[in-house]
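First chain A sits with chain B, and in the next complex the same chain sits with chain C.
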Partner chain A sequence: MLRRILLFPPVWISLIVVVAASTLPLYVSGYILGLLTIAYYFGVFSMAWDLLFGFANEVNFGPTFLIGLGAYTAGILDNLYQPPIFVCVAAGAFAAVTGGVALALPALRMRGPYFGLMTLVAVLMLQNFVVVAAELTGGEIGLTVPDVISIDDKVNYWIALGFMTFSGAVLYGLSRSPVGLILQASGQDAVQAGALGFNLTKHKLAAFIVSAFFSGLAGALMVFYLGAASVGTFIDVTVGVQVIIGAVIGGRRTILGAAIGAVFLIAMGEALRPLGDLATFIVSGMALFVVLAFPGGLLGMVKGAREAT
Partner chain B sequence: MSAADVYLEVKGLFKRFRGLTAVKDVSFSIKAGEILGLIGPNGSGKSTVMKSILGVEPPDGGSVRVNGVEVAGWPPHKIAQLGVGMVFQHSRPLHRQTVLENIVLGLLPDKLLDFFPDPAIEARARAIAERVGLGAALDRRPSTLPFADLRRIELAKAIARNPKVVLVDEPFAGLTARETAAFAKLIGEMRDDGRAVLVVDHNVKSVAALVDRIFAMYVGERIAEGTVQEVMQNETVRRVYLGGALETAARPESAFRDAQKPFLEVHNLNVFYGKAQALENVSIHVHQGEFVAIVGLNGAGKTTLFNAISGLAPYVGEIRRQGQSLRGKTAASIARDGIVQSPEGRELFTEMTVRENLDMGGGRLKEKDRVERLEWLFDLFPILKERANQTAGTLSGGEQQMLAIARALMMKPDLLILDEPTLGLAPRIMEQISKALERLRQTTPITVLLGEQNVTFALPHADRVYVLEHARIVWEGDPSRFASEVGERYL
Partner chain C sequence: MLFWQILIAGFAISSLYALGATGFTLIFGVTGVLNLSHGAIMVAAAVAAWAASESLGVGSYLGAVFGILTGLLLSLATYFLVVGRLQKSRKIREEEKEIFILTATLLWGIMIQEAIAYLYTNNAKTVAPIVEGVVSILGVRTPANEVFTAVVCWLSIGALWYFVNGTRAGKAVLAASMNPRGVTLLGIELSSVYFAAWAIYGVLAGIAGVLLGMFFGVSSYSAGPLTASAFSIVVLGGLGSVYGTLIAAYVVGYLETLTAYLVSPAYRTIPALLLLVVVMYVRPRGLLGRR
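This part shows the complex of A and B:
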């Protein structure tokens, strides 16, 4: 069984990439490590999002609702009572799941674009709450947390890489498992999946919970890396857009592609930084090009090239 | 037979959609090892009956019992788990998965914590694939398979859970004669396995060889029930499908001025949709002022033919209008030059008013012409005048159909193509549309190409009839000869 899994190309290729990436702290600067640390957390956001969009076929415009809940819950808890960090992180993940269920239960009853609209409204509500409840959340200035996981760039980098690897393995495994198959069928043809005896609401809700769990967990961990939380880094709609674009350019319905896309986006943004504001424009243009020319995303491009030969 | 062997029992089923009663007091039962054919023309409510059994459209009244258990109002997955399988007409497999994985899907338990595939499931999936004739295609992706094999996947998924009751929706639509025979055999095997099978189709003929009994519906109600012979001889069935004694007023072909050089010529037309051939060497012609009916069941290729003529579907072959090839012309320019289609499904601007819809059709006319034309149309369909300021979406089905025809007529077409104008309409409404068509025929020089599966509606208006079956023209002739020569096919 294990042998069969390890021999599966996406698995061993990913393993090689992860091993190679784990050696990076030996020869790159702390600045680059810092960037990649953030990029890896975004990779988790995008992978969690792809589980919903790619498999359950539900467009969640509010990934930052889940991320923000996780980040702020962990941050506020640390600020108020300073429990061990892992307690804060667990609370963040729990909050994201609870909030996710509260959102998904009514939203999943909606058909068509309304699910997406509800998730978008949820982001705006959370954002408003953070601003209004400034005493608790730090409002527009942001929330500074007293603790960080580590002050060592390398340790932070390895934690982020390890976390992304773990999340990727779970999400990818899930997507390839029988549950993933049912989820895909539910997303593609609700009537038929029902006729095959699958309770769609149950499966979609479970997908939402898993997605929320990883989003919240990643958000909470990122707070303890940055040492601060602000609306601009965790909740703003533009952050959500970046998560979504990462998943889409990486390749819908691939999970692993989403991580590649998110890392690619952040790396490009940084590489083009000397161009100033133009950088965002160029990165957006590239994203648009990939979506138009290769609807399968970066991974789809690779697969296409392999099948063509 | 004891009551325990009745696997499906439907009693006094009612279903309403807003004002419309789609199913009225329908009752039937199917025993283990029995195939019942549920037939009826489009809009007769047979699909609604099927959806009610499946739980997709919960019934408003009556009872549905599966193996003795009342399931009316249950969600579909519960009903499926109790032992109801469904073979869908349109196959939508998972394209990234192999055939084997698609069948495995049908066998998976409805569990959230099922992370590792059970090897026994794969073995069963292989056995099922072998049985439905997919043994050689297990590792292929659905997109590389021929159309008939995609239907086999649907069949495999439906029987995967070993259901007691199997619903089969139009099993033979789009299949060739050989594939039809193969599928009939597979459905026959379901009977041998002791399942109760409900086969839903349009007419008796297509399922005659397969079923044990037939239940015929028309506008939501039962009209006949019994053996194939009994139903075929039933007076009501004959009237619904063939009309009563036909009064036809066909004009002979020689009566048209362009008898030698027809207005529209379609020559050896072939159209493919991916793997399925939608039209095969179809040749027809239409004279100026003539009313020609293309009669054929769902999926025969009528809409494809009309779309090719309108420039909406790519084709191989020749289409000429007054000797001029239409190849390379855009749909818009063909329509502007006077070949106008009133499409199946009407395609109205539902958010606009009746008047605005008509103005869209007459957008290219001069003000004076448009006013005149509008007057004339309001005279042809008086109800549209009453509804002029209502949005099209709020009209009844019949009124929408009239509006669709009127909008097409606003363009002052030389040739009007009407695709299934009676789809889903009540007989009373059909009559009104029928009268309007007759007036067009008597008082205007317009040419009409009418696509219908409702023979009763099509024949009285037609000067000439073509029968389209499985993508081919199989009969051409005078409507008066229709009933005796090909009528049997439409029962």
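This part shows the complex of A and C:
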């Protein structure tokens, strides 16, 4: 069984990539490590999003609702009581799951665009709340947390890489499991999947919870890497759009592609930084081109090329 | 006194919302597309009007025309470059097209927004109003621009109503929103109906954008919130229902004005969002939705 899993191409290729990536701190600068650390957290955001978009066929415009809940809960808790960091991170993940369920229960009764709108509204409400409750959250200026996981670039890098690998393994495994197949079926033909006797709402809710858990966890960990939380880095709709672009560029319904896309996106954004405002323009343009010309994304192109030969 | 003030200020804002959201609901009703670049197109129209009247010095009338033309061109570009391609694509399965169109128009909107930011910076721009001065209505000193906005909005909505109900081309558009296949069977080219719908949408979004630029001022940051507010008004009223949209625009406009006057401008958008959540929960198809 283990042999079969290890011989499955996506698994061993990812393993090689992860092992290679883990040796990076030995020969690249702290600047690149810092960039990649952020990119890995974004990779988790995108993978968690792909579980909903790619498999359950639900457009969640509010990934940052879950991320922001996790990040701010962890940050505020640390600011007020300074418990051990892992308690804060766990609380962040728990808050994201709770918020996710509270959002998903009414939202999953709706279809397509309505669901998307609900999630978008959730983000706007959270943003309003953070700005209004400025005494607790730091408002528009942002929240500084007293603790960080580590001040060492390398440790932070390894934590992010390990976390992304773990999340990727769980999410990918889930997508390949019977649950993933049912989600896929419900996304493609909800009526028929329902007629086969699957409780679609239950499965979608489960997908939402898993997505919320990893988003919240990643958000909370990222707060303790950055040492600060602000609306602009965690909640703003543009952050959510980045998460979405990452997943779309990388390849929908692949999970692993989402991580590749997010890392690629952050790297591109940094490489194009000298161009200023044009950078976002070019990156969105590229993403739009991928959507129009290769709807399967980068991994979809690879798959397509392999199937063609 | 405060009552009349809120009534008048709220009316102007609500009319503006109504005009912006009508275009959005028209395009959804006819072509089934939720255009997430809506806000960006409106902002682009306003910025074009501003640039034409400030930098080129062509005056506010020509500037407004220039802004509306920009809205029209961008709307047609949205159709030909983005939405039309996805609708015709053979690589994407029919049932997945909806979410691809959502994602693609979102990206397209960001491109427009960033292009504006690059060319004209992120600063807020206020378009010089066509009419200036103050008039007194029921003892309330009202900027003439507010009256002008409300009048133009209602004239545009009235013109749209006449076009849809009184002309042959308009009736074809209306029919396409009810039953696209039936329209094709009657020998009307569906693609020309779509073209007409996007053209009308572009003009409406252009007018709404220019008026918004005169009323509040816009910056490239306003694109996202504008799309979100049009989206929520349309959903509140019921997707595809024009009357529902008009009612919802007034509900949202007055809720915001009431909150801004009576509570605090900082809480302006919150009650409308809460209302939206409640409506979605109790009546997911909106106030006058069909499905």
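Here, the second predicted complex is superposed on the first by the 309 of 309 C-alpha atoms of A that agree within 3 Å, B and C clash if a C-alpha of one lies under 4 Å from a C-alpha of the other, contacts with A are read in each partner's own complex, and residues count from 1 in each chain.
The criterion applied here is as follows: contacts are C-beta pairs under 8 Å (C-beta built on N, C-alpha and C of every residue); 3 or more make two chains touch, one makes a residue touch a chain.
Since the model is a prediction, treat every value here as computed from it, not as a measurement.
Once both complexes are superposed on chain A, the partners chain B and chain C clash. When the two complexes are overlaid, the chain among chain B and chain C that reaches more residues of chain A is C. Contacts of A:D189 after superposition on the shared chain: both chain B and chain C are touched. In the superposition on chain A, contact of A:T280 is made with chain C only, not with chain B.
In the superposed model, A:P113 makes contact with chain C only, not with chain B.
Of the two partner chains, chain B is the only one touched by A:G197; chain C is not. For chain C, the stretch among 164-172, 200-208 or 236-244 that collides with chain B in the superposed model is 164-172.
Residues 188-189 of chain A touch chain B in one complex and chain C in the other. Touching chain A in their complex are the following residues of chain B: 54-56, 75-77, 80-81, 84-86, 88, 92, 94, 96-97, 101, 104-106, 108, 110-117, 157, 160-161. If you check the complex, the residues on chain A that touch chain B are 173-174, 177-179, 181-182, 184-185, 188-189, 191-200, 202-203, 206, 253.
The touching residues of chain C, counted against chain A in their complex, run 34, 82, 85-86, 89, 91-93, 95-96, 98-100, 102-104, 106-108, 110-111, 114-115, 117-118, 224-225, 228, 231-232, 235, 239, 266-267, 269-270, 273-274, 276-277, 280-281, 284. Those residues of chain A lying in contact with chain C across their complex are 53, 57, 59, 106-107, 109-110, 112-114, 116-118, 120-121, 124-125, 128, 131-132, 188-189, 237-238, 241, 244-245, 248, 276-278, 280-281, 284-285, 287-288, 291-292, 294-296.
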